[in-house]
Structure formats: structure tokens, C-alpha cells
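Chains here go by letter, A, B, C and D, matching the order in which they are written, and residues are numbered from 1 within each.
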Amino acid sequence: MTTETARLEAFSDGVFAIAITLLILEIKIPGYDSELKTQLLRQWPSYLGFFISFAFIGIMWVNHHRLFTHIKKTDDVLLLLNLALMFGVCVIPFTTALLAAHLGHPGARTAVVVYNAAYFGIAVFFSVLWRYAASRNGHLLAGNVDRDAVDKIMKQYNYGPLAYAMAIALAWINIPASLLINLVLAGFFAVPPHYASKTVPGHKAPAT
Amino acid sequence: MTTETARLEAFSDGVFAIAITLLILEIKIPGYDSELKTQLLRQWPSYLGFFISFAFIGIMWVNHHRLFTHIKKTDDVLLLLNLALMFGVCVIPFTTALLAAHLGHPGARTAVVVYNAAYFGIAVFFSVLWRYAASRNGHLLAGNVDRDAVDKIMKQYNYGPLAYAMAIALAWINIPASLLINLVLAGFFAVPPHYASKTVPGHKAPAT
Amino acid sequence: MTTETARLEAFSDGVFAIAITLLILEIKIPGYDSELKTQLLRQWPSYLGFFISFAFIGIMWVNHHRLFTHIKKTDDVLLLLNLALMFGVCVIPFTTALLAAHLGHPGARTAVVVYNAAYFGIAVFFSVLWRYAASRNGHLLAGNVDRDAVDKIMKQYNYGPLAYAMAIALAWINIPASLLINLVLAGFFAVPPHYASKTVPGHKAPAT
Amino acid sequence: MTTETARLEAFSDGVFAIAITLLILEIKIPGYDSELKTQLLRQWPSYLGFFISFAFIGIMWVNHHRLFTHIKKTDDVLLLLNLALMFGVCVIPFTTALLAAHLGHPGARTAVVVYNAAYFGIAVFFSVLWRYAASRNGHLLAGNVDRDAVDKIMKQYNYGPLAYAMAIALAWINIPASLLINLVLAGFFAVPPHYASKTVPGHKAPAT
């Protein structure tokens, strides 16, 4: 039981925890101008943005956790790839606040494109990090790793960048649809890869 | 001694630590308009809100710590239930700031309802998480777990959602009473479950 | 090698790390009204407050670290005492910002009293926590603990509350002197207890 | 496998994670005055500052991680040196915001000098910390440490303070060049020391 990845995980846990907690700071405390209830209800885009972003950062954490139950060794390249991934996570509080401020305003399209672009980048980094760790016969994975599980994660992660690219393109046609894809993808990455790839026909788990 | 829950605990510790530390940011630094002492004293609702929320997040951490001395395994459902719990924790700095800003103003009732509603949600998530971990003969608990301790926590947690629902309802009748219930509940969840359930007659600890 | 205190330490590390990092947020970015250099230099009370508070939170962390190399078991009382200590740590970013804003203004005395009062509270909590852990023949300490080291820490911590009470009282007579005591005390708690108590005559380390 | 440095690493990971995540708070959410896209593009100095600072804090974390794969023991001096290093890390969100606000304005030179001065201080602290840990025949390093790796880190760290001093001096002649050196140095410290010192002729790794 190696602890080589312990600090990478601790640092990442810190970044995830802070990013997810900072989201709440973007929700404004209403003043005394009009009835509090009315003002609170009028802030619905902030709540929606908060909820989606919380769910997404949470699901990213679950995925990071999932990858590092398999990854047991680190090297300088993995550290830098993980930093790139954390860069994406750190950007989320900004893109969320941008979306919350501009949804329902003239800048909505721009805000949605920026919002989805951040997730696109994250999906790419997740995919590259996993590919790297699993490359050269899984040189950074645990010795007794389940190759089938590795492949299923790979398959699931291949859909990410494509789907987010689609979500970005959709923003020019229909803004709510673009955000909806985001939500559907959150669900897709929340479920474990063996469910996500269950529909692939002729696929069977090894006896391991 | 398994470390399967190590990252879940590290991530949760991070969220608790940040949420509890962010609370202080809601307290404004007075300006130079009038005497500093007077201004500081006038901010008492902020201090009250800070103190109650700090105590509550602290007590939630103690409870989380208590549960995870028994929970030794994780699965995807537990990760998501824990995320839901963290969602509740992250909301506290907002509901606290809302309460501090509107206590003593026309929006006080709304603010108290929102404030107690957050704790209601947290109480529900705590209860569901523990029920799940203890279900199927304690499938996520330590092998040598004290079943009596498990039951006592369950019993204590059953009171939570009910009591907070009552606190919410009370806000329409009497605002200070509604907040008082909150404080009493903080005390109730601060004490270990074997004290909390001591009054239950005919209950005896097993020889284990 | 018990890990019973692992989560208490992780949570505390999180609070220390956040409190110490939040301090920088209190330093304002100057605007474009006058020369940047002049504006930066005029902010000296902010830098002083930042530096003192950073040093103090850092030294508190060193002390917490020192205590928990001896404390190896936890119970519910210790968890709550540690929460009380963390309460004090969380308050520091507020008292620091208050001091930085009002040093050199009419409210300076009030600000210094509040500032020192926070450290007074922390010194009391540190002392109580250590007394509790070391009580009943060191019931929460490591089995092979060096009783002499325990006593030396106790002796050093006895000075804390008294000295901070003095610093508070001094604020009515001389504000810079009150802050100076703060700085001297930072130095006193930074050095290990065996240096701090070296001047005590006739004291000898046991053969252990 | 000693865990003596575990808390120092956990605390440092927390500070790094928070400092790197706070950077995003410095990027303003544009309002509704003009087209969102135009406003977002006009904020390029903020993005540049964010990116450089993120990269730098990330690389500092990688370096800290690298040092503490060798450092296995702590003492009071090391704790204080590490605190000094964390002081430098905590200052970065301020110097970054300062740079982002004043790049392209009359205060640009002052901002760049302050910005590079922070990195100069960090480079000095890194160098001193490593020298201390490796001193007295590596008294805080792992017993089986690779002396050649130790020397290579030392060699790489010797360049840091000098190069940053040059970057500070350059700010009086050419601001973009001063920032460029910063970027080049980020690259230099990102690569492992055995690459960085590869050009040193006649140097060979021991058979260990």
C-alpha cells in the first residue's frame, strides 16, 4: 500500500473543497429595498448556477477519487497534468458567477459558451491524465489493476470532450438546450463507468 | 485498518474547515462615521449568527467524525450522499449572512425559515447517510462495530428532521423561539449518542 | 502508532491554513488616484497587521503541532476544546482587519483591545486543552510521553493568559506598548518550551 | 516510513491549495454596461496574471513536494523556515491582483517590482530551507537519500535568487522583459533538477 500519491490527493482535495465552498460567496445577500422573499426568489439564476456547479465539482471529485484508487505512482508529468486539471477546477467559481450574472441578459450566450468551455477543458485534461497513467501498460497504476475497469473509464472519458464541444456549439442555437446537455453530462459522469458502458454490446467483465 | 474512507474524510474536512472559516468574512469592519465601540456593539446580530453557525458547523464536524469512526468502506452511493451533506454545509455561510442581515428587520421571518431549512436538509442527509451505511447488516461499517452504538446514533438522528421541521413552523408564531430550538438542537447533537439516549428506559449496553 | 487524532489534526490544519491565507484579502489593491508607490507605502498598518497575524497564526500552528506530537487519543471533550481553540483562530482575520483599519484613527484603542482579547481567549483555550489532555496521569497522551516535556509546556502556557491580560490593560495607557507585548509573546511561544523554561533554576531533564 | 513531516505537508498543501484557488476571486465579473464579449476580452491582464500566478504556485507546490520526498524529519527551525516560505505563497494573490490592476497603467513598474520581489523572497526561502535540511550531512533527510539528487536540487536553487534579482532590476529598463524572465524561471523550476543540471559537464549519477 504505497502512499506516493498521498500529497497529490491532499492538494487536490484542498482545491476541490475550496472551489466548491467558494461558490456560495457568489450568491448575494439581498438588501432592504423590497420584500425579502421576492428578492430571494428573483435570484433563481444564482441558485441554479450554484447547484449545477456544486454538482459538477462534486462529480469531478468523485471521478478524481475513482482514478486515484487505480493510480498508485506519480511522476513529474502526472503532477503537471493534475495541475492542469486543478486549473480547470479553479476556474469554475468564475464561470459560474459569470453565468449567474448574465443568464437572462444580453450577454447570456457569451456566458454559456465560457461556462461550457471550462468543462470542455476539464474533460480534455481528465482524459489525457488517465491516458497517460494507463499508458505503457499502466506504468502508474496499481500492479494488480483490473484492466477491464481501466478500459471502461477510458471509454467513458472519450465521450466527454466531444459532448462538451457539442454543448458549446449548441449555445448559438439554443441556450437552455446547451445548459441541459451540461446537466445530462453531470449525470453521465456521476454514475460508475461500468454502468455508463453497460449498453456497449458484447462486453463482458473478466473473471478476475 | 483500512484507509478506504481517507479521501472522503479529507475532502469533507476541507469543506468543513473552509465553511467554518468563511463565516468570519460576513462580519463587516466598521468605518469611521461614529465611535468604533458603538458600531461594534450594534453588530450583535452578526456575532450571534457567527457564533451559532460556528458552533453548528463544529458540531456537524464532530458528528461526521463520529460516524466515520464506524464507517470503514465506501461505495458510489455513499460518496454521493456525503456530497449532498457537504452541499448543506456549504450553504450555511449564506444562510448565516442572510440571518445576520435581516434579524430585527421586516424580512426576519423569511431569513429564519431559510436558516432553519438548511439545517433541516442537513439533518435529513445525516440520517439517510447513516441509515445507508448501517443497512444490509452494516455493509459499510467496521467488521467489529458495536451494534448498540450504531442503534443509538440512529435513534438520536431520528429526532433531527422532526425537530428542525418544528423550528421552521415555529418561525411563523415566534421568531426567537424558532432560533432557540436551533440552539437546543446544537447541544443535543454535541453530546455523544449514549448520553442523548440515556433517558430511554430499559436500555442496556451489551457486554462487548 | 495510533491515528486516532488524524482527523482532528486534518481539520485543524485546514482551519489554520485558511485563516492564515485569508489575511491577505484584507490588504486593499490601490486605485489610480495618486502614485502607486505612495499609496502602497501609506498602507503600512495593513502590512504590519498582516505580518503580526501571520506570525501569530503560524506560531499557533507550531504550538498545536507540538501538543499533538504528545496527544495520541481523543474524546468528545477534547474535540470540543479543540473547536473552541479553532473559534479563536477563525476570529483573527476579523480582528486583524479591524486593527489595520483603525490603527492611527480615533478607534485605535478599541481595536487594540479587541485584537488582544482574541489572543487572550486563544491562550486560555490552549492552556485548558493541554491541561485536560495531560490530566488524570496524561490519559490522552502517548504511553511513553516525556513527563518533563509535558510540565515544561504547562509552565510556558501558564504565562499566556496573564501576559495577554496585561497587554489588554496596557492599551488604555499606551497603544504601541500593548502591541509590542503581543510581538514579544509571539517570540516567547515560537521557541520550544525547554528553551522558554531554561531560566527556571534547579530544573533537570529526567534520564528517560 | 516515518510520518513526522505529515502535518507540515498537510498544512502546506492547505496553504498552496487556498492561495491557488483564491487567485480566481481577483477576476471581476463584468457588468451590463457594454457587450459582455468586449468586456471579457478587455480583462486580459487579469487572465495573464491569473495564469502566471497559478502556474507559479503550482510549480512551487511541485518543488515543495519534491523536497519533502527527501526530507523525512522535522525540527523547530524547519517548521519556522517552512512558515516563512508559506508567507511568500500567501502574498502571491495580493501581488497578482496588484499586477493585474496596474499593468498598462502608470504604476506598472512599481507593480512589477513588487510582483518579482515576492518571488525573490520565495526563491531565497526555498534555498535556505533546503540548505538547512541538507546541512550537517543531511540531518533531516531520509537515511538512504541520493546525495547526487540533493546536490542537483541545491545547484538549481542557487540560480533562483540571482535570477529574480535580475528580473527586479530589469523592471526599470523594460517591463515586459522583466515579466518574461519570470515565465522562463517558472519553466526552469518546473523541470526536475536532473534535467535542469544536465548541461553541467562531467556530472554522472552514482550507481546507487
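By our rule, a residue touches a chain if its C-beta (ideal position, glycine included) is under 8 Å from a C-beta of that chain, and two chains touch if they have at least 3 such contacts.
Predicted model only: the values in this text are computed from it and were never measured.
Student: Which is the least count of steps on a path of touching chains running from chain B to chain C?
Tutor: 1
Student: Same residues or different residues: which describes how chain A and chain B meet, taking over half shared numbers as same?
Tutor: Result for this pair: different.
Student: Measuring centre to centre with CA averages, how many angstrom lie between chain A and chain C?
Tutor: 38
Student: Centroid from C-alpha atoms only, then distance chain A to chain D, rounded to Å. What do you get?
Tutor: Distance between chain centres: 27 Å.
Student: So which stretches of chain B touch two or more other chains?
Tutor: In chain B, the residues touching two or more other chains are 10, 13-14, 17-18, 22, 25.
Student: Taking the touch rule as given, give the residues of chain A at its contact with chain D in the complex, in rising order.
Tutor: 3, 7-8, 10-11, 13-15, 17-19, 22, 25, 76, 79-80, 83, 86-87, 90-91, 93-94, 97-98, 101-102, 105-107, 110-111, 114
Student: Please output the residues of chain B touching chain C within their complex, sorted ascending.
Tutor: Those residues of chain B that touch chain C are 1, 9-10, 13-14, 16-18, 20-25, 27, 29-30, 32, 35-37, 40, 54, 58, 61-62, 65, 68, 190-192.
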